[in-house]
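In what comes next, subunit A is part of two complexes: it sits with subunit B in the first one and with subunit C in the second one.
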Partner chain A sequence: MVKPKVAIHKFSSCDGCQLAFINLGEPLLVLAGLVDIVHFAEAGPVDESAKVDIALIEGSVSASHDIERLQKIRANSTYLITIGACATSGGIQALRNMADTNQWIRDIYANPAVIDSLDNSTAIKEHVKVDLELWGCPVSKRQVINAIRALLFGVMPEEEKDKICMECKRHQTVCVMVTNNEPCMGAVTRTGCGALCPSVGRDCYGCYGPAENANTQALANRFEGLGLIKDEAARRFLFINSGADVFYQQGELMRETD
Partner chain B sequence: MKPDRYFFQASQFQQWLDSLLKSGYLCIGPQFRDGTIIYDDLHSVTQLPQGMTDQQAPGSYSLTNTHSNRFFDWANGPQAVKPFLFAARESLWSSQQSDQGGISFQETRPDICPTLIIGARACDVAAIKIQDQHFLQQEFVDPYYKARRDNLVVVAVNCSHPADTCFCYSTGDGPFVHEGADAVLTELDQGFIIEASTQQGKRLLEGMPLEKVTEEQLNQADLIRVKASNQQRKLPDYDIRARLFNELNNDAWHEIAMRCLSCGNCTMVCPTCFCHSENDVSELDGKSATHYRQWDSCFTQGHSYIHGITIRSEISQRYRQWLTHKFSTWHEQYGRSGCVGCGRCITWCPVGIDVTESVAHFQERRHV
Partner chain C sequence: MSNETIKINVPILARVEGEGALDLTIENSEITELKLRIYEPPRYFEKFLEGRNYYDVPDTVARICGICPVAYQMSASHAIESIFQVEITPWIRAMRRLFYCGEWLQSHALHIHLLAAPDFLGFNNAIEMSAQYGNEVRRGLKLQALGNDLVTLFGARSVHPVGVKIGGFSRAPNKKAVDALLMRVTEAKQDAVDLIHWLDTLELPEDNQDFISVALHHDNEYPFNEGRIISDHGLDISIDKFETHFKEMHVAHSTALHCLLDGKPYLVGPLARVNLNAGQLPADTKAIINGLKTHFPSKNMFHSIIARAIEIHFALIEAERLLINYEVTEQPCLSFEPKKGTGYGCTEAPRGILWHRYDIDKSGCVTSAIIVPPTSQNQPRIEQDIRNALMSLGLDKTKKELQLHAEKVIRNYDPCISCATHFLDMNLVRDGVVENSMLMDLFKNADLSKTAIIGVGSPNEGDRLGWQIVDMLQQNERAVELGKKGMSILKLDRPGVALGEIIRGLDCVLLIDAVKQGEKGLSFIQIDVDQLINPPKQISTHEYGLTESITLLRNLKMRPEKLVIVGVNKVSKSVVTKILNMFIND
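Let's look at the complex of A and B:
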């Protein structure tokens, strides 16, 4: 039997989502028995132009040559899955979408002329059709395995889009907002991480992107009630997933502009 | 059964706990953790939140240590009994595919040992009774809940310090336990009055150095009850059950929805909410899978998703579903309101929506 082919591509990103694959441990060996991983530069195999059944994409479109490369990958893939915040919403680097990119380049790099960067960092779905989005910074191993397993069965995986709060309460993780006045994003952020940050006493910073039916205005009002000034509240939304519409719109309402 | 009523000294509390542990119970009790009081394995009375007292308000919870000797001078934290009966997530069955392709199924019943919870409050005891109705007293008995319930002994504590968010007196469920606990403690300065009203409860007293309860002690307990009944928060005094269903198009639902995060916290901390979702998790090799159920909420999209349609896509509809079920249709299902007045949904709502205020909105008819 011919094994399904899988490719893991990288665009503008930190490689953390690819590391989620490498960190799978034993399941990675099981996976390697089920599919042919033909392109995975981080781990070894390189064949970027291979035709595949499943292409997983990490990273955002950030440089001019990204778009053509992405279109080729789309043409060569049956299913295209974005993995992580960068590929799904533009990532942390989408913060530059609200700034003067060229000014930043001039301020930071000694030789700005060599930098080839688009003005905006954008999600993969802005350029090609995406079949499935896996959020998170980085993605969770569990979600990646569930997604591939479901596709191998010939079905789409169950989408997780409830709020983080649900997971906190199932784990008996104590609410950091109610007990400690932390400006937690959990009530508007989709689950999938297992409510990791609150479980160590930290406020969620929204790395899994907007949950279904996220009432960001109500949460923003609460942040102000906790003592955050408008611009601080805006920065809660304009962070890892500033490119996600729901977070962007809320942040723009509250952000202090120059 | 006529209750047995005695007094025992606070200095003998550990000895009693030791004897309960020795008789084979897994003891669960309240303890300080992460800024609140949660229930977990109890081996020593030093784990109890002695001297702690709480300040609760809509969307706000804090604890302070008064250094008093009292073990139970606080009102409930986010959870108490519910997670120990209705598991937040558990497997129901698993399936395997053989090499020949056949599929076999196995039930995955929980492996439960006799468990004793110390410190449940009147609201929680009332909530157990409601969850028993739901899981045990209908056409189909839930074997997972039943396994835990059959093994659970409840030692309740009468509430001496309700929080500002509590309104159990107005629902008629507290602050003192009416029925449903195996034994009930009332904490006084020197020790505890203990009332054992079931066979199991009476057995817990065997071998204990018990004293007769004095008239003075009973008077002290009564004073605690009177003071703890004096709660600021209460449900409004109108026919909530009938009125809510006549107000389905009231603007107030939309006003509440402006504030509501639809995060589900209220339902997750509610000791009577029983909704759950089920899903399957496959092993990566595709040869076996486990079927889980976990707490769900009427505030999730999946809760009203049927055949490609989400019935309640708006937050206003979800809040309305919750409130009308809890205070109205619950009566038809279980013969009473689903609210026991614990106030958890008020404290643990991140934006501090007060259910008693929400209900009060509908006291005056307002036309859309």
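Let's look at the complex of A and C:
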């Protein structure tokens, strides 16, 4: 039997989501037995233009040459899955979308003309069709393995859209907002991480992006009730997933300074 | 070409891991150009830190690197705590060392097994290597997993851990989790010993070079979070004096700034640390080093892989000590009031010193940030090393050998572009001939009935070179042989938009066109059409040049599967031979 082919591609990112594979340990060798990993530059195999059954994409579109490369990957792939915040919403570097990037380049580089950088950092779905999004900064091993396993069984993986709050309740984690006045984003953030931040006693900062039906305005009101000024409350939404519509709109509504 | 080095005063942000390439030119047995290009798009971390509260900093800077987020969190925490005059407790200090042991362990084990060892054992990657070296790979993955679990003990996950706060940790780990890890750490010490001895048996190239090692140094311990910055050439400064000796510059071929020490390249990372701090290692680790055939301090960068393994052993001994003495605390994080000021942080990331500077206003918001990662510090040294290493290897070696050796050299530094250097795209120009490794074999075994070599030009002087090459090909025996097997060899006069019609149905097309005289003195340039992102206009002397035609073909989806342009600026037998070698197996 021919093994399904898998490729893992990187765009603008920190490489952290690829570690969901590299950190698998022995299961990585098992995975390599189930599928043929034809392109995964960080781990070794390189065949960027191979036709594959599943392409996983880390990173956001951020330079002019990214777009054409992405279109080729799409044309060569049956299923295209984004892994992580960068690929799914533009990531932390989408914070530049609210600023004058050209000024930043001039501030940093002596020779700005040679820097290839688009004004905005954008999600993969802004440019090509995406079959499945795995949110998170970073994605977890469980998420990526679940997704590949489901596809090997011939079904689409189930998307997790619940709120972190639900997960805290299931874990019986004490609420950090109610008991400790922490400005926790759990009420509007999607599950998938395992509600890690409240489990260590701190506020969630939204790295898994918006949950479904997120009532961001109610949470923003609560943040103000906790004593956050508007800008501080805005920055809760404008952080790792500032490119996600629901967070962006709430953040922009509250932002007072540029 | 504006590739001169320019000094700048404004700091960079640049995270440097990511995409890189190597440009190398050899003329008359001398390297005349060597550039390690880093073209990972900038991500502007230092800029979007401006205006954010101090408490967002650890979670922000972690995102610079998925492989060493702990290092970024640690340098940032120390810098900001120094502004707020927070004196951390012995418990916090000890736990930060333990946290850091986890990161070194996972990062070093990852690099040794997944990135570097396949080089020295002749495999393309660790998955291939695991078929023959299953136990070694499994041992490596086990050490890496243990490192990740130590980070997770405090951070709840190993990539972008969430437990770090300015002033300490969100929570103290419970004793049960600590004891479980202690057992694994104790058991893993033997794995580290075996790993060091295994690496010591590898046939590593002999290549001693003169370079400056730079690391943190602390009188009482092997350095992690604290110490003075020292070198083996007499430097000995406190971390706040970094900017008086170290200067960052922007060079055109890199989105990572280059950093120089008093104008010179220098080395940071495991080999520099072992060279400067071997005396601070635990007795058990020292005893192992004394029994090796490899000696430290070493001036051979290929010994970095062993230095990394030595630090794995150190990290396990240090972690064991800290875990044995572990007590749960009531105060994992200190409270404080934000203050205005400037602070510095410098800690030893797995790849070397990571220096941060922050200005904070009285409300606790960042007004400016400077981050100098290890890879931007090593980049000038890497270029220097490749140059020396290739010279001692011999510049007459085949392109493949030169490339593999250059890749090995680069990987010694474990740059965060390790990922990219695994598919290092080396453009080698030897005596005026550009050899692009991706293209040299593109036409081998092509279906000759669907293949064409087309000389493009016009009757104008200087623009007939493509035609003249075709004339020579038509009289060449090997070319005639290819013609008999069905390949077309023809001339076209400024085909422009008609090119698409002419090459319709062909799979493989090689276009020969004149390039501007004096174009770097080249007589032959192969251009991968897919690399023509912004077609350089000067590549053709035609008014409606080939690049425009090809861009059009590509946009109309009419281009053949394999299409290469060869630019020539003189007619010679060697050019003809080069062209034919692209089609015929030697």
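As a working rule, the second predicted complex is superposed on the first by the 256 of 258 C-alpha atoms of A that agree within 3 Å, B and C clash if a C-alpha of one lies under 4 Å from a C-alpha of the other, contacts with A are read in each partner's own complex, and residues count from 1 in each chain.
FYI, contacts are C-beta pairs under 8 Å (C-beta built on N, C-alpha and C of every residue); 3 or more make two chains touch, one makes a residue touch a chain.
Being a predicted model, the structure only gives us computed values, none of them experimental.
Asks: Could you check whether subunit B and subunit C clash or fit when both are placed on subunit A?
Replies: By the criteria stated at the top, subunit C and subunit B fit after superposition, with no clash.
Asks: Let me test your reading of the model: by the given contact rule, A:Cys137 touches which partner, first (subunit B), second (subunit C), both or neither?
Replies: Touch status of A:Cys137: second partner only.
Asks: Based on the superposed arrangement, let me know which partner A:Ala63 touches: subunit B (first), subunit C (second), both, or neither?
Replies: A:Ala63: touches subunit C, not subunit B.
Asks: Specify the partner with more touching residues on subunit A, choosing between subunit B and subunit C.
Replies: So, of the two partners, C touches more residues of subunit A.
Asks: Using the touch definition from the top, say if A:Phe153 reaches subunit B (first), subunit C (second), both or neither.
Replies: A:Phe153 sits against subunit B, while subunit C stays out of touch.
Asks: Touching A:Ala87 in the superposition: subunit B (first), subunit C (second), both, neither?
Replies: After superposition on chain A, A:Ala87 lies in contact with neither partner.
Asks: A:Gly44 in the overlay: touching subunit B, subunit C, both, or neither? Say first, second, both or neither.
Replies: second
Asks: Which partner chains sit in contact with A:Val52 here, subunit B, subunit C, both or neither? Use first/second/both/neither.
Replies: Touch status of A:Val52: no partner.
Asks: Once the structures are superposed on A, label A:Gly201 by its partner contacts, choosing first (subunit B), second (subunit C), both or neither.
Replies: both
Asks: According to the stated criteria, A:Asp15 is in contact with first (subunit B), second (subunit C), both, or neither; which is it?
Replies: It touches subunit C, and subunit B stays clear.
Asks: Once both complexes sit on top of each other, what is the least C-alpha distance from subunit B to subunit C, rounded to whole angstrom?
Replies: Scanning every C-alpha pair, the shortest subunit B to subunit C distance is 9 Å.
Asks: What residues on subunit A does subunit C touch that subunit B touches too?
Replies: Dual-contact residues (subunit A): 201.
Asks: Please name which positions on subunit C make contact with subunit A in the complex.
Replies: So the residues of subunit C touching subunit A come out as 2, 6-8, 10-15, 17-19, 39-44, 46-48, 51-53, 56, 59-60, 63-67, 69, 106, 110, 114, 118, 124-128, 130, 137-138, 141-142, 144-145, 148, 155-160, 162-163, 165, 170-171, 249-250, 252-253, 255, 416, 418-420, 422-423, 533-534.
Asks: Could you list, by residue number, the parts of subunit B that touch subunit A in their complex?
Replies: Subunit B residues touching subunit A: 33-36, 38, 59-62, 77-79, 83, 88-89, 257-265, 268-269, 279, 281-286, 294-297, 300-302, 313, 315, 347-348, 350-351.
Asks: Sort out for me which residues of subunit A touch subunit C in the complex.
Replies: Touch residues, subunit A against subunit C: 10, 12-20, 22-23, 25-26, 28-29, 32, 37, 41-46, 48, 62-66, 68, 91-93, 95-96, 99, 101, 104-105, 107-111, 113-118, 121, 137-138, 140, 193-194, 196-197, 199-202, 205, 207, 232, 235, 239-240, 257.
Asks: Which residues, counting only subunit A, touch subunit B once they are in their complex?
Replies: Touch list, subunit A to subunit B: 27, 30-31, 34, 145-146, 148-150, 152-153, 158, 161-163, 165-166, 169-175, 177-180, 184, 186-188, 201, 212-213, 215, 217-219, 221-222.
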